[in-house]
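The two complexes that follow have chain A in common; it is paired with chain B in the first and with chain C in the second.
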Partner chain A sequence: MRYAYYPGCSLHSTASDYQQSIDSVFRKLAIELREIEGWTCCGASAAHVSNLLLPVALPVKDLLQAEKMGLEVIAPCAACYNRMRQANYKIKESAELRQKVNQILRADYQGQVKVRHISDVVVNEYGLKAIGQLLEKNLKGMKVVCYYGCLAARPQKIVAFDDAVYPSYLDRLIQTLGGEAIEWPFKTECCGGSFSVSKKEVVLKLTHDLLDTAKDLGAEAVVVDCPLCQFNLDFRQGEVEKQFRKHFALPVFYFTQLLGLCLGFRQKELGLEKLNVQPFALLEKKNLFV
Partner chain B sequence: MKISLPEQTRAFTLKINEMIDQNIDGCYQCGKCTAGCPVAYTMEIPPHEVIRWVQLGCAAEALNSHTIWLCASCETCTSRCPKNIDVAAVMDALRILAFRQGQTKVEKEISLFHKLFLQVVERFGRVNDLYLMGKYNLLTLNPLKDWRLGQKLLAKGKLRFTSPPVKGIKEFQETLRRIQASEESGS
Partner chain C sequence: MARIGVFVCHCGTNIAGTVDVKYVAEEMAGEKGVIISRDYKYMCSDPGQNIIKEYVRLYKLDRVVVASCSPLLHERTFQNTVKEEGLNPYLVEMANIREQCSWVHKDRAEATAKAIELIKMTIGKARMNEPLFPKRIPIERQALVLGGGISGMQAALDIALVGHPVILVERTPSIGGRMAQFDKTFPTLDCAACILTPKMVDVRTNPNIRILTYAEVESVEGYVGNFTVQIRKKARSVDMSKCTGCGECMQKCPSQVDSEFDLGLGKRKAIYTPFPQAVPNVPVIDRVHCRFFTQGKCQVCQKVCPAEAINYKQEDEVITEKVGAIVVATGFDLSDPNTYSEYGGGRYKDVINGLQFERMINSSGPTEGHLRRPSDGKEPKTLVFIQCVGSRDENLGRPYCSKMCCMYTAKHAILTKEHIPDAQVYVFYIDVRAAGKNYEEFVRRAIEQYGAMYLRGRVSRIFEKNGKLIVRGADTLSKGQVEIEADLVVLATALVARQDATKVAQMLGIPYDQNHFFTEMHPKLAPVENVTSGIYLTGACQAPKDIPDSVASASGASVKVCALFAHEELIADPMIAEINPNLCSLCHTCVDICPFSAILEEEVQRPDGRLRRQMRVIDGVCHGCGACVASCRPGAITLKGYTDQQIYSEIESLASCF
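For the complex of A and B:
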């Protein structure tokens, strides 16, 4: 299996642990990721609130590169994934927009490059059965909540690759790894996304509601597949605890970190020391610490 | 009750309709968008009322509301609307108009963040978080905001002082200028 890879800005900075764990896991799964040369930002949350053309033209510029590579694209960041899928959809829907964007990019793009979220490829393409055969360890006795967030679920007809209200692909992965994925009602609620900088109080309130419910239900950790969600739940957790006078101490893992542990990788190969809420006590308790 | 609006008032409604490629008059004010909105608790005017303003052509009220900036683009409203109105796209269209008209003061930190984000992308081709945060803190006169968090991220190798140069950055910047020119010429 071979894909064009669009890491997105976060994977080179605040989500460098996500990148490390992806590198390790994909090596083991023998899925080749070819980084799109000279890729640039998808525009994230800033482009679509400022401009009509920018949020389409920015992803299309990179999709054109992928088209030359003749490969489907994998995006590990839910925001990049969402923006690329929305760009493809709009290019196909509107002849006027298509013409305008192609004129600006001096290209002839018809919206044909397929964009996949990394979890979709791991769970649905590679498959849980095949993953089950590679496991060296398991998550036995570990209770987690899987948190999916907004951007890989909505808008449903453009981005969802599972149930858009109550998805289960990460839950099923965790079960394959031997862990317990707790049912909870906040799977696709919002964490506040980029307001982490410009309207922090909103993020603190929303992440509080998520963490509080998770803790109440007996979760020992949260599992995510979006760098924005991970950052807000993990790196803002201390402030949430302080403001709401509660104690959570819930590690927030990328799904590739837990998968990597079960595939036999060590902490350094998965960037586990880069998490804010330290996971090592929990991992030791579950015999996963090496 | 029948409400008749003068043509001039309708111009704003029609402009939004054109931008979102939908007919916003379809909204019958059920309030489902507001019921599901995770940020509605802190909005002075709930999302369905913003939609009503647009239907009635009340440009100033809609464009000067905090609500349009507080929308987190989670798209819950869009996915639940029984009339398939893309409420999140309406919020985007209103923010785009507010930017075009320079009416961004009502939530100046949120609008500044969006603006700086795109400036950083234009300069480096990708987001340099440290540069973005530094500039945002300076311009909001809060240089020590998230200082400890920044130190922690640096220590963990999650922030970098420099970004590796992006191949083809000059061409990318030219593309951005063409996009800007096309947008300004009234697309």
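For the complex of A and C:
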């Protein structure tokens, strides 16, 4: 298996631990990721609220590169994934936009490059059965909530690869790894996304509601597959605790980190030490600390 | 040489807006055989038809070409017009310059040029037209009604009233349908049972109506006036002639299962009638759950039956009936409430749908009319009703409005307050659609007199917290997010076509729409008719309909049946296939390809007395689709009204345009 890989800015910065764990896990799964050469911004957060052309033209520039490579694209960041899918959709839908974008980029792009979310490839393409056969450890006794966020689920007909409101692919993965995925109603609730930068108080309220419910339900950790969600839930957790005078101490893992642990990787290979809420006490308790 | 008149219609601005009709009419005057060509604002109107008649008379026209809309709409109109002047109606041809030209083009010059081409083709065909003469077919004056709900019952009663025999086939063990499940009806709040059950008795006692419950139609063959239907009477395991309906068997039966009639909120026995007022009041044994049928012992019902009516050996019986008309009244289903993951997707017991609420608040329902939370049996104090669940939702591919939810939700709000005066009722809505007689007033009553709190907005999520259901939604009028701690949530789930609607449609040979509702012949002017003549539609199998609409359409369909039955013979369309036995090789390709089974092989006696095998097209069954014509290798089949010559002439005329 081979894919064109579009890391996006997060995986080179705030989510470098996600990147590290992806590198390890994909090596083990023997899925080759070829980084798109000279990739540029996908336009997330800012471009799509500024005008109608830029948020399509930006991802198309990268998709054109991928088209030359003749490969499907994997995007690990839900925001990049969402932008690329939306760009493809809009290019196919509007002849006028297609013409404009192609004019700007001096290209002839028809929206044909398939864009996949990284979880979609791991869970649905590689398959849970195959993963089950590679496991060296398991998450036995670990109770987690899987938090999917919104960008890989909505708009449903453009991006979703599972139920748009109550998806289950991460839950199924966690079960495969031997852990317990708690049913909870906030799987695709909003975390505040990039308001983290412009209106922090919104994010603090929303992430508080998420963390509070997760804790209430007895979760010991949160599992995510989006760097934005991870940032808000993990990096802002201390501030949330301070503002709401509560104690959560809920580690927020990328699914690749837990998968990596079960595949036998060590903490350094998975960037675990970069998590803001320290996971080591929990991992030690579950015999996963090496 | 044909004498052709060409009449070009403006259709107001429908055609004239895009096509230069005056110019088109002038251009046509020069065509071969055209004696007169003119335009008029509305050809189908009375003055328009008079123009055609006058010109036929004045110029002794023997062919008429009308360039206007689709022949589906007005071919019959213009055929009748020329008939009044003594011209054979099949000498009229229509050029469709509206649906296939003016409506789909924007450029005036191009549309005008295309209209000219279309009309020239039609003139070419008209030149070759021959007079055709319809055949007469006898009519079997007995009707079949499919479905014993309120609309099927009404149709059966109306047809029976005129004196025609009716067979009423119902799939479940009793007639009554959805209405039997309801408690009160909007906007009058009279009790559904009080107005329904007397009607059920009327149906049962009417000597012209034969009720076949627990029965399904398996096949339909034939054509208008002459359908042959096979009906499977499922084995009831109870002898209908002996059973007195005492109910002893149902009391003593040891196996309990979820009642379909109560939507899982209550139980029934394995031998059961769906509800106490069932007609006929004869139970059936559900063989999937009966102990005797599953485990080989029990037979309690047989032991206790004083009439010795239990018969475990009864088998399905398939009967064949001849009917002249079929009324389809198969009703609707509710979409599965468990598919809405934002509303719990079936994870929360206290999220129910409107029909379950109806059963709960019905005094003969599983809770004897008391509102109870299914989870813990407690009386709910805060109730949230959510409208448009699954309706008006493009994401689910269901853009249509389910029509009656606004009204029944208002009714539920009122009933809740009457049962539990200190309850607080919230209703989330997109728009309140109360366009019926006394409907808007009814909704206002729910809001003003009963204090139901209407919130304009969607609910984004329902989740459980501390034993309460938290309903989170938007209130778009106050522009805020609201969260309501509810005890019970009622979803107005979408009305959908019956699960097997497409199968039924295929069996009957009737069309259905993208939502699987059966399609009427014309949405405005033929709302109960069907393109398959002899089949009529009524009730919610066509689209979501409430009780008044269902009853009205039932009476409408009945009038159509009675109009058909008013004559002993039917005049059949002559535009059907005809086989020339001298060219036919008896290869049977046409038999395989005919979608209507209209072709058969038979033995005929030749003039010299010898027998000869040949193929024949059955009048009345053939729809004139032309599939056999195209498939016939020796070219032995001709479609009358669409002969090879006519088509070639059309093509030649088109070719001459370039």
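Please note the rule applied: the second predicted complex is superposed on the first by the 290 of 290 C-alpha atoms of A that agree within 3 Å, B and C clash if a C-alpha of one lies under 4 Å from a C-alpha of the other, contacts with A are read in each partner's own complex, and residues count from 1 in each chain.
By our rule, a contact is a pair of C-beta atoms (placed from the backbone, for glycine too) under 8 Å apart; a residue touches a chain by one contact, two chains touch by 3 or more.
If you're wondering where the values come from, they're calculated on a predicted model, not measured in any experiment.
Put chain B and chain C next to each other and count what each touches on chain A; the higher total goes to B.
Contact with neither chain B nor chain C is seen for A:22 once the two complexes are overlaid on the shared chain. Of the two partner chains placed around the shared chain by superposition, neither chain B nor chain C is touched by A:204. Contacts of A:183 after superposition on the shared chain: chain C is touched, whereas chain B is not. When the two structures are aligned on the shared chain, A:36 is found in touch with neither chain B nor chain C.
Contact with chain B, but none with chain C, is seen for A:194 once the two complexes are overlaid on the shared chain. When the two complexes are overlaid on their common chain A, residue A:163 makes contact with chain C while staying clear of chain B.
In the superposition on chain A, A:48 makes contact with chain B only, not with chain C. In the superposition on chain A, chain A positions 156, 164, 189 are in contact with chain B in one complex as well as with chain C in the other. On the side of chain A, the complex with chain B involves touching residues 9-10, 12-17, 37-41, 43-54, 57, 61, 94, 100, 103-105, 150, 154-156, 164, 189-190, 192-195, 197-199, 201-202, 205-206, 235, 273-274, 276. Residue ranges on chain B touching chain A, taken from their complex, read 19, 21, 38-39, 41-42, 70, 72-76, 78-79, 86, 91-92, 95-96, 99, 107, 109-110, 112-115, 117-118, 121, 125-129, 133, 136, 146, 149, 152-153, 156-160, 163, 166-168, 172, 175-176, 178-179, 182-183, 187. Against chain C, the residues of chain A that register as touching in their complex are 156-157, 163-166, 183-186, 189, 213.
Those residues of chain C lying in contact with chain A across their complex are 341-342, 345, 347, 395, 461-465.
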